[in-house]
Amino acid sequence: MQFMSDNAAPVHPRVWDAMRAADSADTPYDTDALSRELDARFSALFGRECAALWVATGTAANCLALSTMVEPHGGVICHEEAHIEMDECGAPGFYLHGAKLLLAGGVGAKLAPEAIAEVLAGITRGVHQVPAQAISITQASEYGLVYSHGELDAVAALAREHGLGLHMDGARFANAAAHLACSPAEAAGAVDALSFGFVKNGGMGAEAIVFFDPEKAATIHFRRKRAGHLQSKGRFLAAQILAMLDDDLWLANARAANDAAQIVAKAAGERLVHPAQVNELFVRMNAVERAALRTQGFAFYDWDDSSIRLVTSWATDPGHAQALGKAIAAL
Amino acid sequence: MQFMSDNAAPVHPRVWDAMRAADSADTPYDTDALSRELDARFSALFGRECAALWVATGTAANCLALSTMVEPHGGVICHEEAHIEMDECGAPGFYLHGAKLLLAGGVGAKLAPEAIAEVLAGITRGVHQVPAQAISITQASEYGLVYSHGELDAVAALAREHGLGLHMDGARFANAAAHLACSPAEAAGAVDALSFGFVKNGGMGAEAIVFFDPEKAATIHFRRKRAGHLQSKGRFLAAQILAMLDDDLWLANARAANDAAQIVAKAAGERLVHPAQVNELFVRMNAVERAALRTQGFAFYDWDDSSIRLVTSWATDPGHAQALGKAIAAL
Amino acid sequence: MQFMSDNAAPVHPRVWDAMRAADSADTPYDTDALSRELDARFSALFGRECAALWVATGTAANCLALSTMVEPHGGVICHEEAHIEMDECGAPGFYLHGAKLLLAGGVGAKLAPEAIAEVLAGITRGVHQVPAQAISITQASEYGLVYSHGELDAVAALAREHGLGLHMDGARFANAAAHLACSPAEAAGAVDALSFGFVKNGGMGAEAIVFFDPEKAATIHFRRKRAGHLQSKGRFLAAQILAMLDDDLWLANARAANDAAQIVAKAAGERLVHPAQVNELFVRMNAVERAALRTQGFAFYDWDDSSIRLVTSWATDPGHAQALGKAIAAL
Amino acid sequence: MQFMSDNAAPVHPRVWDAMRAADSADTPYDTDALSRELDARFSALFGRECAALWVATGTAANCLALSTMVEPHGGVICHEEAHIEMDECGAPGFYLHGAKLLLAGGVGAKLAPEAIAEVLAGITRGVHQVPAQAISITQASEYGLVYSHGELDAVAALAREHGLGLHMDGARFANAAAHLACSPAEAAGAVDALSFGFVKNGGMGAEAIVFFDPEKAATIHFRRKRAGHLQSKGRFLAAQILAMLDDDLWLANARAANDAAQIVAKAAGERLVHPAQVNELFVRMNAVERAALRTQGFAFYDWDDSSIRLVTSWATDPGHAQALGKAIAAL
């Protein structure tokens, strides 16, 4: 029973169907009808004019989005446990040509305005330091915590005040939106660009980069090509994304994942390191207990010495979640 | 009737089947059984120990391969009409951190040893010029011409003599191998790394980078991740490649494409700008003639003022090729 | 008798004096009074508001100036024999993060508007090619040829029409201005940024980058620091430049160099490959003749199989020039 | 009375003399006799074969040295308050093409082996993290603390054990060597490359990069040119360095600076935040006290809310140091 990660979950049947249906098209790159539909579909979803494009991975989505906001001599304020800092093998350094990640702390890997302000306050020595040019936040955060509307507003206000771009890593944006039970627009807040994740949520290999000011997307098409991310059969990426948007499959899948996590969370109770909001749980557990769970067939990730990480996905069998809940309760 | 390009051709049914079959796997990135099979499969294909990895596009394959051979202050000798120079929006500049493409001429976009030697002979002014560190050739070339065994040997000898890495852009390696009717190893010659193309030949979004000295692949896994090209559901890329290798589907598809091109080529006769070797034909044609063909339903690319480009693929209907041949003969 | 290059000529006594006088200052980087004087001094020289800063080398000046105009995915149109293409070991690739030099031909290493237009006309394939973002011209060119006012206007018009930045490599701008016998503003034309050379003309290690739209200089101070070119005792670089500007020493020195070249040029007559306009002469000469000159004590550079390069400097002894002229005439 | 920094101190008379004497030479770049003497002179100084080259600034020296050790996808372990992290405007990101600084803590900005080991222990997730490829330490540290022989040995052992390059930022290496009263070789320990600072210690604009394994210097000459740091009148940089080495002027100057600091340090007593080892003192002081000192004519840098930084140089008048000491004692 798999609680290791959502990043290798199966592809949703409706995504498969959409991909198959796209096979007959024959215009390359992103000139096909499906790819050209993305702008309109995301504009409809977010209720304002957007420019959107596909890319195969979240790392590419994050870094390409940031490359439209940050010059090589600039900096990006992000959490010290953000994916772009911890897990992308220096991809921001590559895509941003050596621009610097300016790290801030914050509970649960969420960036508080105070922490951002502290970073900004420390930039006082002119050309001897890189100027901050963007903020990157993760919705939901690396610990599965969701920014509320108010929190997003506060970060956006700070970004505007200092003339900074604002990027959202939305690898689990769907799970955050499902948790907030609000409109996609509210879940995104006033960010300039969103890496809208689909791979963990039923897709195969397609994420969307959504720009809320279409003009800011002007150069990203060159950057995507230059990074080798302009696939010649891009229609198959567009098809995945469109299938996920159809009838809000993205939300339904995210709710399923979140619900499965709640089943486990209730059993975990006091063991939870962070509130259970989306589909990631961090659960205090010692080595003996871990072994006991594994013996019962549960697969999961050892987060650190004191806790494990459990991740559900759209495909998690609720029965597996109940079994895991029981097993944890019985420890 | 589509003769525009092979880069948007449909995905082969056996590739689809293999992808579907891969859905049940659930280990991420390239830790799945399919991805781990690549080394052995390419080793068997080439008859010596190889290290191989998947990547979504030919641009990424070319640039990542070269990044293992060339330092940021170095240079890559390539043809002035090579894809890496003409069509990748500066991707080598990005991936190689500003390393320089050192351009050479040559008939049919093939690099002759003399042209390479001339570039090398011009590097005489010490630190004021970038040192050549690699050669990149394209098999088949951008004009559909194939390097013979002897030609490959001559280039490889030059590379060895000057201590240069040798890379082959094999976007249409299958078509070249089919034309040569030799072993894959002979079609690749003594290159260090091969970008082995599958996307144009029945795949969806997976190319292989094959290293013939596995040690030289040591750093490319970091580079791939850093470029955002390590897909979390990499099993679907591996599945495509393995399906193409099974029962030499790659060769069968390439032969079908080459055969369709031959049908047209025979009709084109004296109009051919270059010998017809693989699945690309460059055909002299004036504007009136082009219009006549388009009226009959043929789609193709205007190469320049005096010629058009016709490309067949594994999926080209031989009947379409015959129709096109007739139409050209009737001009 | 030295005709090898002007790049290692002695430092002018007035430059020495100015440097010594700067020793007592004690504020670091470019906060000293001398460095802060540069904007005003160049504004006065060019008759409009300028922003100016020092840097140690022409390579750094060229590349930093271009970095304000060109994004990493962009391109710079320059002559195929421009210094930035031929002699800077890929420095533009480094400073511009892989942006591409888009090469054009042209007699005497001068860029004609037609050649620029041809490059622009070839950029038709969207994201598959890098977009041109700047033009770089060299005044005087690598062959010692000077752009006239009319020629500069034509290039500037083209740059404006296509929204391109315009940079001038003025390693020998002083020699060009002396030749044109016009105002500095006229010799620079409507460029956006000028690398104003002093090192070859009596300085030690200080060139100026002059921006004619001060706003465009906004980011270059960060870029200079980041490139390790913000010297902590910058006052000594500012002192050199100011000494060169005082009483138009820069022009006097350039005239002296040009005059010395004219002495030789008159003797060289029909042997001249290019018209003699500044302080560089390219003179047809066979191996026997070269040996003869060297035997008489003349040092110079073998340009190619058919010609040598002779360079005079502010410090060239007119007697040496006469001797060389006589020797050439006697060949 | 200036205690702000040593980075803008006057140029030593013997350095001036050496520069003037170099004026007559006329070979460019680093082909002059003085530049070619560097290898031998540093080899003699350190008692083993070295390769050495000049560069204008410490930032360039640090980053060029590291560029020989670290690939773009790699990382450099350094202290979180190291100059390369704090004060170089992202220069390592530029020169190392996005390689990452892997930060470690440590008292007084010194890297303890434990802190290095902790960083290394955290690199466990394969290609998702950058691999450490070098360690950079600062002798003396940013807080004026000196690594003892034993401490250097421990760091070097760790570097060797993990196959990491070892770089020393020696902006104040002279002051450290003077404090240790040992041989230069002992003060450098087993590092691979040393940025040997002269600018703060009596030079004008020349630092040396010293490689203790000459083979490792192979590519740096290309990198220096490419960064625009190969000055055409390099003889003047070489002259500065040679003058500083003659009769151990570098040591004498450093001793003078350290001695002046000791005068102040004795008066500061308990106010010292760190032991006074070289020419930088961090002294606890409130706002009223700072104002009092400034009223008496002392210039210094506000380090943070609780302390000021006082820096002496080779040119600090001992009388000024005594006056400052008295003034502090009288607070």
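Per-chain numbering from 1; labels A, B, C and D assigned in written order.
In the analysis below, a residue touches a chain if its C-beta (ideal position, glycine included) is under 8 Å from a C-beta of that chain, and two chains touch if they have at least 3 such contacts.
Small disclaimer: the values here were computed from a predicted structure and weren't measured.
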Decide which interface, C-D or A-C, involves more C-beta pairs in contact, and give its chain pair. C-D
Where centres are the averaged C-alpha coordinates, which chain has the largest centre distance to chain B? D
Taking the mean of the CA coordinates per chain, how far is chain C from chain D in Å? 34
Please compute the C-alpha centroid of chain A, do the same for chain C, then give the distance between them in whole Å. 49
Where does chain C touch two or more other chains at once, residue-wise? 72-73, 88-90, 93-94, 97, 127-128, 130, 222, 225-226, 230
Parts of chain B lying in touch with chain C, wherever the complex brings them together: 72-73, 75, 86-90, 92-94, 96-100, 125, 127-130
In the complex with chain C, residue positions of chain A that touch it: 71-73, 97, 126-128, 130-131, 219, 221-226, 230
Chain D-touching residues of chain C, taken from the complex the two chains share: 2, 4-5, 7-11, 16, 20, 23-28, 32, 55-61, 63-64, 88-91, 93-95, 199-200, 204-205, 222, 225-233, 235-237
